[in-house]
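A, B, C, D, E and F label the chains in the order they appear, each numbered from 1.
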Amino acid sequence: MSAGNEKDRLAEFTAFRKRMNARILAEPNQVVRRFFALDTQTYQPGALDVRTKELLGLVASMVLRCDDCISYHVAQCRESGVNRDEMFEAFSVGLVVGGSIVIPHLRRAVDFLDRLEQGEPAPVAHDHG
Amino acid sequence: MSAGNEKDRLAEFTAFRKRMNARILAEPNQVVRRFFALDTQTYQPGALDVRTKELLGLVASMVLRCDDCISYHVAQCRESGVNRDEMFEAFSVGLVVGGSIVIPHLRRAVDFLDRLEQGEPAPVAHDHG
Amino acid sequence: MSAGNEKDRLAEFTAFRKRMNARILAEPNQVVRRFFALDTQTYQPGALDVRTKELLGLVASMVLRCDDCISYHVAQCRESGVNRDEMFEAFSVGLVVGGSIVIPHLRRAVDFLDRLEQGEPAPVAHDHG
Amino acid sequence: MSAGNEKDRLAEFTAFRKRMNARILAEPNQVVRRFFALDTQTYQPGALDVRTKELLGLVASMVLRCDDCISYHVAQCRESGVNRDEMFEAFSVGLVVGGSIVIPHLRRAVDFLDRLEQGEPAPVAHDHG
Amino acid sequence: MSAGNEKDRLAEFTAFRKRMNARILAEPNQVVRRFFALDTQTYQPGALDVRTKELLGLVASMVLRCDDCISYHVAQCRESGVNRDEMFEAFSVGLVVGGSIVIPHLRRAVDFLDRLEQGEPAPVAHDHG
Amino acid sequence: MSAGNEKDRLAEFTAFRKRMNARILAEPNQVVRRFFALDTQTYQPGALDVRTKELLGLVASMVLRCDDCISYHVAQCRESGVNRDEMFEAFSVGLVVGGSIVIPHLRRAVDFLDRLEQGEPAPVAHDHG
């Protein structure tokens, strides 16, 4: 949740996600595979740009309180040009809509953002979810 | 949930919300009053513009499945210039993140949007929540 | 949700709840019946008094956003001596923990409390749930 | 929620759902349309039969507390041969996993089931969601 | 969440659960103890068989996003004869109803299932919850 | 989640929370900072005493299933004089309202309480959230 071997943990998590996504997509279940494809399609540019859509994904993840999803969208937001002040405004919407129960996730989100800004590699963008 | 006396129901709901907000803010409870003030402040323009923030509020409301909140943010989004295609892209994020359990709320959101576009008066903007 | 025929609606709701509870308990499903019994037992006086337990039930219902449950516990709190200021402090905890998504439920809770204080009959206490 | 004009309400709800589904699917948003198609595909027979899948949809809807979804799956379960005792066992799983907050939805589910068993027309099966 | 010392972690978790269940049931709180007994009773064979009930518990756990509960029911499903294809169909229902927010839990569920199929000992069945 | 180096983990968590709260409050985002202030104000003595308010925060955290929040309020409850039997009665309300999905959190809550009672230092009270 915090300390020194945090970099290893992020690398481990990224590898885990990549490996499990491959496992899941190799399965002969068409509904699951289509869902994954649809999830990727959801964040493609369209009437709204990628930046806005990733912010929407971020706030949805905050109020539903899913750390992995929050980390993923924080990284994607950053990649699409969201700066720290904008990120915190998105956090503020998630916090006010979702309440103090969101605070522990906010702490981990800020920690994750800090580490990204200090140059740690973000999870790879193109294996969504 | 649908038919002919829908216009009356919207007017009745708007009046109810206005009246109850006044009741609540008249109460000598500082935490509740400050929360209402903070809720209003959350959607003020800042690093992100109002349009983006209202879209964030909309998607957060969809995945948490609150009809009143969805209606409110649909009206606010429209007021801040979000068009129908953009609204549907925001809906699509809410639907994919939140799942099929969001569908009944999506139906009511689209019905509400349709009526706004046909000229029904939206809930008054400045008594938030 | 608000206006004139509100008294009828409360009476109708109370009758509906009573009738359906009887239907459910008449069913030969032991798990469901035991759950209902356990639910009733939960709010009996013990290490904590009824008043405190009903306040706990109220705030749990607020953050989970169930109007029927909120109304029920508001009535029970009142019956066990919780006054308006205390009720609003419980509301404030529910609001801050649960966030602005709780606001529509808070409005209906305050409306319900207002009507109780104006002498409308509360739902009968002993058919819980 | 209860009394005499309940039959009209069900017919009204079915018409509303049908109309709004058509509205939504007419929209040029591919993600939303694909989601609706995927939702329908989810309950097709496969490794699990329709009956089991509808029971899964029912319990998922109960613990997420969506009345429209519960009604829909109760009707579908009945159509695929689930009897009253089996339905109540599914209800019992939803109740124990989801807690007493599910009770108001259980009451409405049983009321809906009662009316189906008394011969009221169920919502049309093939416009899912 | 993934790597080499995973086997130890599962053993540690199983021991933790066993120990804490014993602690909790030793407590003089009748409501808590009765709830645990009721939870066990819920999954006994009745109008629905164990297999179906465990699948219901699994999907309920997925949409409510509780990893420990998902692992428990995956193990129970397997024990009652649910094969991999059937498991994935249950996963697909949970995913579509609950949305992309379920994906991180799906990854961990598949990882857990993989390890069970590779012969790792499942959590002991008879200390439920 | 359990074993020998548990004491270190608690210390680490407390340090992490303290550090991240400081990071967050140093940020020039007024909404977030006001929310944190409001969160602290919520549990100040008023019409209800601190003990009751902390119990409310505990049960709200249980039904919303946030381990960090539960630990925090268990420690605060203990500090304000809630004894073990009272704590378990609060747990029982959370368990019955929230359902069996709460059980894994209950196990961790009891483990945390056990360790507090054995003299481990609780998280510092005055950096709330």
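Criterion: a residue touches a chain if its C-beta (ideal position, glycine included) is under 8 Å from a C-beta of that chain, and two chains touch if they have at least 3 such contacts.
All figures in this text were calculated on a predicted structure; none of them were measured in a lab.
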{"item": "Common touching chains of chain D and chain C", "value": "A, B, E, F"}
{"item": "Contact-graph distance - origin chain A, target chain E", "value": "1"}
{"item": "Higher-contact pair (C-beta pairs counted), A-F versus C-F", "value": "C-F"}
{"item": "Chain pair among B-F, B-E or A-E whose interface repeats that of C-D, sharing over half of the contact pairs by residue number", "value": "A-E"}
{"item": "Length of the line joining the C-alpha centres of chain E and chain F, rounded to whole Å", "value": "26"}
{"item": "Approximate Å spacing (C-alpha centroids) for the pair chain C, chain E", "value": "32"}
{"item": "Centre distance in Å when chain D and chain F are each reduced to the mean of their C-alpha atoms", "value": "38"}
{"item": "Numbers and ranges of chain B residues touching at least 2 other chains", "value": "31, 35, 38-39, 42, 60-61, 63-64, 69, 85, 88-89, 92, 95-98, 100-101"}
{"item": "Graph class of chain-chain contacts, one of line, ring, star, complete, other", "value": "complete"}
{"item": "Parts of chain E lying in touch with chain D, wherever the complex brings them together", "value": "38-39, 42-43, 46-48, 52-53, 55-57, 59-64, 69, 83, 85-86, 88-90, 92-94, 96-98"}
{"item": "Chain D residues touching chain B - in the complex, by the definition given at the top", "value": "12-13, 15-17, 19-21, 23-24, 27-29, 31-32, 35-36, 39, 42, 60-61, 64, 66, 68-69, 129"}
{"item": "Contact set on chain E toward chain C in their complex", "value": "30-31, 34-35, 38, 41-42"}
{"item": "Residues of chain F touching chain E in the complex", "value": "1-3, 65, 85, 88-89, 91-92, 95-96, 100-101, 103-104, 106-108, 110-111, 114"}
{"item": "Complex interface listing, chain D residues touching chain F", "value": "63, 95-102"}
